[in-house]
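In the part that follows, the structures are each spelled out as structure tokens.
Each of the two complexes below includes subunit A, the first together with subunit B, the second together with subunit C.
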Partner chain A sequence: MNTAEIILSIVNIWIMIGGVIAFVFLLFGIDRIDEDARGAYVFRPLLIPGILLIWPMVLWRWLRLEMGTENWARRHKPPRKLHFWVAILFAISIPLIMLLGWSARQTWPESFEPQRISLLQQENVR
Partner chain B sequence: MSVKYIPVQWNSNKWKYNAIMLASVFVYLLIFIELTPGIMDNEGRINTQVHNARAFGSCAFFMLSVILCIGPLARLDRRFLPLLYNRRHFGVMTAFVAITHAGYIVDWYFAFSKSNKYEALLFANTSFSQVSGFPFEVFGIFALLCLIILAATSHDFWLKFLSPPVWKSIHYLIYAAYIAVIAHVSLGILQDQQNHVFTLTFVAAGLCVAILHLLAALHERKHGDAAGDTSGDWIAVCNISEMNEGFANIVTLSGGERVAVFLHQGKLSAISNACAHQNGPLGEGKIIQCLVTCPWHGFQYDVTNGRSPAPFTEMVPTYRVKLVGDQVMIDPDANPPGTFVEPVPMPITEGA
Partner chain C sequence: MSKSDAPFFVGYLNIPKGLKGFLLKVSLLLFFGFTAGALLAGATQDDPGQAGFRFDFGRQTVEGVIQAKPYPLLHVTKGNERIEIGETLMLTGQGKSGAMASIAALEGTVIEATGILLNRGELRMLQLLGGNRGFKSLETDGPVPASESLGTWRLQGEICDGKCLAGAMQPGRGLAHKACANLCLIGDIPPVFVSSQPIDGEEYFLVGSVEGGSLSAAAYDYVGNFVEIEAALERQGDLMVLKLDPKRIKVIR
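Up next, the complex of A and B:
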């Protein structure tokens, strides 16, 4: 099995587990932890892609809400501490990456004649 | 939110916003694909599949650039706030445009392999040790995954379920996605681009996003919310002369929480500055009929108890307020969301 096959197998397993969790959560769990979802069914299929992708986080939040260990104060504390430095890093990264790409670009003189550096596999066989 | 969930909460503003957005995408694709294919595209002869891939890919890039400009623009100038209102729909549409781009790419460049086309995408180029010829596809895959996660978790259910700070943290992936897209384009199509109209628009859009974020960050640092004086048990917010009827003064507590102290009908009330919906800045909203309206998405709260009007059930924490001389002070220990606190009357000034 090559690396690409392993990666795709992991993706398949991840999605299958997510599918099982989506089934249980949307049929039974969601009504227990969110009163606004009770009696509301049409919107539930919209949640399936999200559950397939971030199911470990769904399990973590589901558990916290089921156990009643949610800290209400944390809901009102947005993550803003690193805002300034993230914005600076983000702004600097954009031109730097563009420059990197530009510096790697190969520009040949118009008179350049392409040269074959190796034979094709079929030609080698002959 | 807070009444029964429905797939999409439509209103006339959202219809208009989406109509303009869809029309813009349609016009862009029409120009790129049909009207002026030579201007934005590569000069070399390419087939329809590749041409469409480039049209949708560049469209997704420009949409992402616009999305990322909205935040800093709204922070720099409040007149851009209406653009923020329906940004999630914009993001979902961008994800679909990006998926279409990826579909065209995979179904052309990797569809004729004997292997599974997704496997071929992963193993076709593994020259990770060099810049020139770097497998730029990985940046595209990463960016696409981020966009899909953001789109898939855009329903209001996710905000309530994950909590606004966790949801926000996940949605900061948009910055990583944009950096990845910049790398995807810089190490991908730009390596071979002969017609530089696209190159110039790409650089201009990227620099626009970078400069706006830089300006907004500096603006925030200069004009951001003041840190409260934490020398005592109560926090000094401001002088009473700095309070304006119908508006708030915001103070940052030592733990990072922000509190908005409002003056309404001559009385002071304090609530959390973070809206229960997306943690929008309530202190930047105005009070109308005892309710402060969040400038981001219009959620409303009674400033005396932090509760949304029925039938909505959102609540934010409240804080105790007192006056010491002409200083407005708050108790930094928040009351549980929805707790009523008796408003504190301002002293009657001479001539009032």
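Up next, the complex of A and C:
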């Protein structure tokens, strides 16, 4: 299996797991953790694409709310201490990635002339 | 300046005096910096050239004999003003799907095909209409042109997916297009090798396996890179076809 097929398989598996979680969460789970959602159904299909993508986060939040271990105050406290260093990291890494891309760039072999190495088919010259 | 006197920016209030100069400098730096960055990045990119869907030609309907391997081909037996008799057209389906699944069973029979042409120079492909509207079996057999061996060649160039290269994407080749090209090839869209220089006036070659079937999936990792290959070359109809063993591909510097 080549790299592309491996990545595609991982994406397929991720989406399938997300589909199962979306089904269970939107039919049963959401009513248990969000009283405002009880009796409301039309909006639920709109959540499916998001759940397909971030289902581990949905599972984690669902578990915390079910177990009653949620700390609302802590959750909404922004991680300001990191902002400065993340901004510096972005400012350095974005140009660095572009430079790496340019440095790894290949040159089109326009001067290479095709060479006939045999009059025979490939399997006959091995 | 004590901490309590420090100017504080609030979007809906006037800009504090102490921040005006700073904001002006940052704004100018961002504007000219991003403009220069965008121009620099754009200037380093290759011209994607002229290619695309020929919606301006309208739907094309032609008749021809189906060859299913290495990828679905139509040897035209009844053309129109845009497509001549004797031309060999690569066929593809909609989106990232090839025509293999629907066409394979019709090998050696005559069909009426309807679709939209894509072209980049001499490279032409017909995207069949969706569902059953794209082709109709005429329930007669027809002759598939005999293939003519042209020997084994060492070439340098790039393996691309034929549909994006023919203009479905712009640019439809190169490393930035590798993921899209791989998805197209996984969907059985015909791969095309772009040679550094032409052979007998042809620089685009359909690529299949040594056994005459679809390109081995082991070759997909090389798509989008500039590579050197050794492969047998055949002429099938008016199309050049490479029979490529993935072990005979190497990435060039």
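The working rule: the second predicted complex is superposed on the first by the 86 of 126 C-alpha atoms of A that agree within 3 Å, B and C clash if a C-alpha of one lies under 4 Å from a C-alpha of the other, contacts with A are read in each partner's own complex, and residues count from 1 in each chain.
Here is the rule we use: a contact is a pair of C-beta atoms (placed from the backbone, for glycine too) under 8 Å apart; a residue touches a chain by one contact, two chains touch by 3 or more.
These numbers come from a predicted model, not from an experiment.
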One more residue to check, A:Glu113. First (subunit B), second (subunit C), both or neither? second
Is it subunit B or subunit C that touches the larger share of residues in subunit A? B
Which partner does A:Ile54 contact after superposing on A: first (subunit B), second (subunit C), both, neither? first
May I ask you to decide whether A:Ala87 touches subunit B, subunit C, both, or neither, giving the answer as first, second, both or neither? first
Contacts of A:Trp102 with subunit B and subunit C, given as first, second, both or neither: both
Name the contact category of A:Ala4: first (subunit B only), second (subunit C only), both, or neither. both
Where subunit A meets both subunit C and subunit B, residue numbers: 2-5, 8, 98, 102, 105-106
For the complex, which residues does subunit C have touching subunit A? 41, 44, 46, 149-157, 175, 179, 182-183, 185-186, 195-199, 210, 217-218, 220-221, 225-226, 230-232, 243, 245, 248, 251-253
Inside the complex, what are the residues of subunit B that reach subunit A? 1-7, 115-116, 118-120, 122-123, 131-132, 134, 148-149, 151-153, 155, 157-158, 160-166, 168-170, 172, 175, 178-179, 182-183, 185-187, 190-191, 203, 206-207, 209-211, 213-214, 216-217, 220-221, 255-257, 272, 274, 276, 279, 313, 316-317, 334, 336-337
For a test of understanding, state which residues of subunit A touch subunit B in their complex under the given definition. 2-5, 7-8, 33-34, 36-40, 42-43, 46-47, 49-50, 52-54, 57-58, 61, 65, 70, 72-81, 83-84, 86-88, 90-95, 97-98, 100-106
Which positions of subunit A touch subunit C when the two form their complex? 1-5, 8, 98, 102, 105-123, 125
